[in-house]
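Same chain, two partners: chain A is paired with chain B first, then with chain C.
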Partner chain A sequence: MMAPLAFAWRALVRQPARSTLAVLGVAAVGALLLDMLLLSEGLVLSMRELLDRMGFDVRVTAGDTLPGAGPEIADATAASAAIGALPGVRSVTAIRSEAADLHHRDRQADAAFIGVSGTPRVWTILRGRDPAGRGELVLNQYAAETLRLVPGAVVTVRAYCGDDDAAPPPVEFRVAGVAELPFDTPEAASAATFLGDLEEACGTPGAGRADFLAVTSTGDAAAAAAAITAARADLRAFTNDQLIGRVQQGGFTYFRQISTVLATITITFALLLITVLLTVSVNQRLGEIAALRALGFSQRRVVLDVLCEAALIVGTGGALSLPLGLVLAVWLDGILKRMPGIPTEMHFFVLEPQAFVVHGLLLAATALVAAAYPMRIVARLPIAATLRNEVIS
Partner chain B sequence: MNHVVGSVNDTIVAADRITRVFPMPAGPVVAVRDVTLSIAPGEHIAIRGPSGCGKSTLLHMLGCVDAPSSGSLVFEGHDVAGLNDRARSLLRLRHIGFVFQRFFLLPMLTAAENVELPQAEAGVPAHARRRRSRELLEYVGLGARADHRPSQLSGGEMQRVAIARALANRPRLLLADEPTGELDQATGEHVAALLDRVNADGTALVVVTHDPVLAGRARRVLTMRDGRIEGEVRQ
Partner chain C sequence: MEAHRRHGAVNRCVFAVAVLLALTAFLPSAQTPEMPTILVTRQLAALEGLAVGDEVRLAADAGGTGAQTFRIAGIYEPTPDPMRLGSVPRAVRMHLPDLLALTRDPAVPAGAEHVDSINITLVDPADAERFSREVTTRAPGVLARPTTQAAGLGTTFVVLERFHTAIAAVTIIAATVFLLALTIMLVDERRETAGVLRLIGLPARRILLQVLVEGVLVASVGALFGLALAWGAEGLINRFFQWRYDTALVFVRITPRVAATCLAIAVPLGATATVGASWALLRRGGLRLARR
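On to the complex of A and B.
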């Protein structure tokens, strides 16, 4: 009962409305803080997970840009063969993406049309099977639903592969399966096939071009990337770590900046809230505190009582903020993912242990700083003058 | 604690020409001026005088919650001026009991818990302080109200709990600042009688009061005016 923490608990329970208000305020602020921390790294972590899940650990491009954002690799077939022969490389997959119209009976859908060479596959089959021979493709769920296609059906593909509007004649493909493709976006159709079939649909058979090469190393991605760069000085090889680094330097920094600003504001709000409530509480009890000091309570003890009150408010509010923050994160993630062009598998809020650790540390620091002023009041309380004033008042 | 300058046995506290000056915007105010006073074990002293004459300031200095601006104050052989805040706190905790006009019981604690507080601060084990609290509440006639909170007690009962709290660590000196100031006459009588009993049981008692009846119970009555002790009556 008499330990400072228990004593502080009694002091808080004594003012239930004020204490509840403080705890709820900290819970709301803590939830926002947690969400800001999850948001600051969420997209990067989500991107990292997506890259890792595809099974490749090195991407090779023709320029110094992110894969798919720069010039094509003109000799992708030769480059694949050369890179595949390197000792640290297990497999090479050339990937090319074009625009296409998909037609089935009277239904039509604009789609991303992806061609890949070799294995591993970049998609996950949901129904049906992988394309086994020429003239077969997989569709994503949205394309299959829009065109009402099932595995075994035939779909007509008109690819748009150049900078001009001229399109080669449409080509018929058999739907081998329905698959989940990486970087699929909601309500956007995608189709994927062998690179050779895509080239034929583009009217340029044997062109051997690719947006980028996806490489699986034998275990040391950095060494494989270095070997690729050494073997083909005209190409750039990026490990997943390097790609993530580039992403972080790019547009994703906005989220970190926004979350930093909002986190700072929320912490400041929490600081003010707790400081005001504790200061009011301490000021109302100055007579009692002076009496305790007169009875022999040490300065350290009465200061510790105030610190414990802050710790209890922030601790209880912080614990409540975790489920609240997680619910809020799921809700906000759903809203943000409605933005156009966001892949289905990408998330803005990603749970990571480090965010929870930082959340706890920030709240602990908030409790400490917020308690500083009321602790100072208590520490410097003139005992005799306070007792005299209490009688006069 | 250092600065031992006197005998522990013959005097609890000795003030030699102590003065307390409060700096104010309109100029310094001398609340206590050149007061020399010693309190022996078991004494019963009343300090009386008009409002603002310096009674409470003197009491606070004797209780080591305020420091003289000049002069020397020796408590149980320790020069109080040489003690830091921690040492003074410890001295108050172990040797001095305070009773306040406004009781200052902690409202979130029961009567027994209020009495336990100073013992807990002094490091008394839980079972010992519970036993001591019950004994003290029995002593002040509130054994049956041990589990009541201050809001469930009358003014007189609260002051009796405050007296029990002040006695919790067996102080040699009990200081009471207007202990009956907030009580009606009959209740004040009960509290005054209790303080007499505390003194009779061996605790030195200094009471600051306006009340001539309460002051009349003391064996030494000091009258203050303008910060000085104007007269002393022994009875």
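On to the complex of A and C.
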């Protein structure tokens, strides 16, 4: 096997300009292909990672919608207690989000105001500490920077919780810490506190409403979800897998579809061009190949030479496409992440071993298919006639 | 047609999204004192097996509190909304007074309800900016905005356009590299011909001109073929995605501007690659070129 590979290598080195360009072309196409493969599952993988990182494995909503997108759970306190008493449930956290204005001195920021009950906390403290008592909250980094607040400072919160635009009187909170909140979006302020404090700020103490309940199971999320649905038929319980499934059916499919279309076009484009390059290259060397056959090279051997040439071009280009593709992915991810409402921690391009395997397989298949026609030309080459034509011409 | 009676648990969000003041004009039969009428999206009608003339009961909460009966006056195709791609538009459109009557809190007197937004058509659309400023100034707490600005907030599509431009740029780079490799090979194939032409007295510039004309012709034919292919693919891609998402949204549209941009890039690129590859060859002497 080494001899045909070495022979193909020499054939490529003999024509450095065209070989380099062919390899660079494959590298560019391969990078694009890799990015499309990373894009096809990137958002879903990123979403799963975010959901898993929060520590909950079941979400409970009042409607058949994604958490936070549907109607509120009116009796969240009672529902939390009922669900928390189920054997497969370890903890229940009620989560409610409202809009609010945060004021500090002459600075103001529109923010998402999140109230949570119970533990575990849904945020990660960056500076300061968790809210320990009533009237304390945590801010995200953007809110802290915009309002120039540090742990210990006081911020005035005016919450907008009703369907009308009437706002209850503003309430003062002490900043306990600066935290990273899940699903934080760039350049968007958010604050989080206890659910009771949020209700106070809303002017409806003890309302007991929540957007959704986040549940940690004792290990079997599916069984916990089933138990919750059985206990409270008016509520819907989704495991993380089910949520991802619903998300996949929604808007995220756009990127999967577009990446499939672009990957197909990219691979077809690469196939056509490599076929043309190899065919022209073989056609230019017909006399040389016929001479080799006359010297005793077998048909199998010259066919293998062409295959090795294709493998070298695609292999080298494919290897180069990996770093190129990763750089390109960072650039494209930066472009797409400027979409409004995309959480900071979410990525469109996520490294996944399976994508690299598919990338390698697709490039290998491309090399094989692209070499098929020139291999056929070489295999069917009439030795005597080709040599005669070569001499006459 | 046999009438069906159904209980619809429609939440307030659906109403809020579905109702626009302007829709009143589309429901002529609602002016009669008979049963109020609604329009139903094609998708909702298909899902629930609803037809024009059917009677449905709608309520503002899942419990069916205060449900009222409506007659379906028509099935409509919802305006495609790229932001809601993938979600089935289960929506109804109804007269604003009917919606307010259905959703009004008993404590709120009639006429004191709130609406999400009011759409205004001006006599002169050019006045939109001035009118918006005036309304915002005169009515504190009300935000008036020209529709062009509201559409401009759709940064999502600006970002998607940038993304597609970036992908197109990478594709062009890959195509250019391949094109150069191919032209180098093709020019090399004609090395002897070029050598003979040089030997019989044709200057390099004359041969280069011929190559340039050839390059322009080949690039033009190739670009036109590519455009024809894109036009063919346009229909296929749109039909596939419209089927996939059950929407009337147009995903790919080859406009004259897009076609002109493609030609403006492809033809000079092809011609330049041909001339560039030939120039490297023609710098050699005629004898060297003609030598086997």
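By definition in this document, the second predicted complex is superposed on the first by the 391 of 393 C-alpha atoms of A that agree within 3 Å, B and C clash if a C-alpha of one lies under 4 Å from a C-alpha of the other, contacts with A are read in each partner's own complex, and residues count from 1 in each chain.
Rule of thumb we're sticking to: a contact is a pair of C-beta atoms (placed from the backbone, for glycine too) under 8 Å apart; a residue touches a chain by one contact, two chains touch by 3 or more.
Note that the structure is a prediction, hence the values are computed from the model and not measured.
Colleague: Chain B versus chain C on the shared chain A, clash or fit?
Modeller: With chain A as the common anchor, chain B and chain C both fit in the superposed model.
Colleague: Looking at the overlay, what does A:G287 touch: chain B (first), chain C (second), both, or neither?
Modeller: The first partner, chain B, only.
Colleague: According to the contact criterion defined above, which of chain B and chain C contacts more residues of chain A?
Modeller: C
Colleague: Quick test of understanding: once the structures are aligned on A, what is the angle at the Cα centre of chain A formed with chain B and chain C, as a multiple of 10 degrees?
Modeller: 90
Colleague: Examine A:L295 and indicate which partner it touches, taking first as chain B and second as chain C; both and neither are also allowed.
Modeller: A:L295 contacts chain B only, not chain C.
Colleague: Please indicate which partner A:V13 is in contact with in the superposed arrangement: first for chain B, second for chain C, both, or neither.
Modeller: first
Colleague: Once the shared chain is lined up, is A:L332 touching chain B (first), chain C (second), both, or neither of them?
Modeller: second
Colleague: In the superposed arrangement, does A:E390 touch chain B (first), chain C (second), both or neither?
Modeller: A:E390 contacts chain B only, not chain C.
Colleague: Quick check for you: in the superposed arrangement, does A:Q257 touch first (chain B), second (chain C), both or neither?
Modeller: The answer is second: A:Q257 touches chain C but not chain B.
Colleague: Check whether A:A319 is in contact with chain B, with chain C, with both or with neither, and answer first, second, both or neither.
Modeller: Neither chain B nor chain C is touched by A:A319.
Colleague: Give me, in Å and rounded to a whole number, the least C-alpha distance separating chain B from chain C in the superposition.
Modeller: For chain B and chain C in the superposition, the minimum C-alpha gap reads 10 Å.
Colleague: Per the contact definition, I'd like the list of chain C residues that touch chain A in the complex.
Modeller: Result: residues 11-13, 62, 84-87, 114, 141, 155-156, 159-160, 162-163, 166-167, 170-171, 173-175, 177-178, 180-182, 184-186, 188-189, 237, 241, 244-245 of chain C touch chain A.
Colleague: Tell me, which parts of chain A touch chain C in their complex?
Modeller: Interface residues on chain A, with respect to chain C: 17-18, 21-22, 24-25, 28-29, 31-32, 62-63, 70-71, 163-165, 234, 249-254, 257, 261-262, 266, 269, 273, 276-277, 280-281, 284, 328, 331-332, 335-336, 338-340.
Colleague: Okay, in this complex, where on chain A does chain B touch?
Modeller: Touch residues, chain A against chain B: 1-2, 10-11, 13-14, 287-288, 290-301, 383-384, 387-388, 390-391.
Colleague: Considering the complex alone, what residue numbers of chain B touch chain A?
Modeller: Spelled out, the residues of chain B in touch with chain A are 56-57, 60, 63, 65-66, 85-86, 89-94, 96-98, 100-102, 104, 106-109, 113, 116-118, 120-122, 165-166, 169, 177-178, 181.
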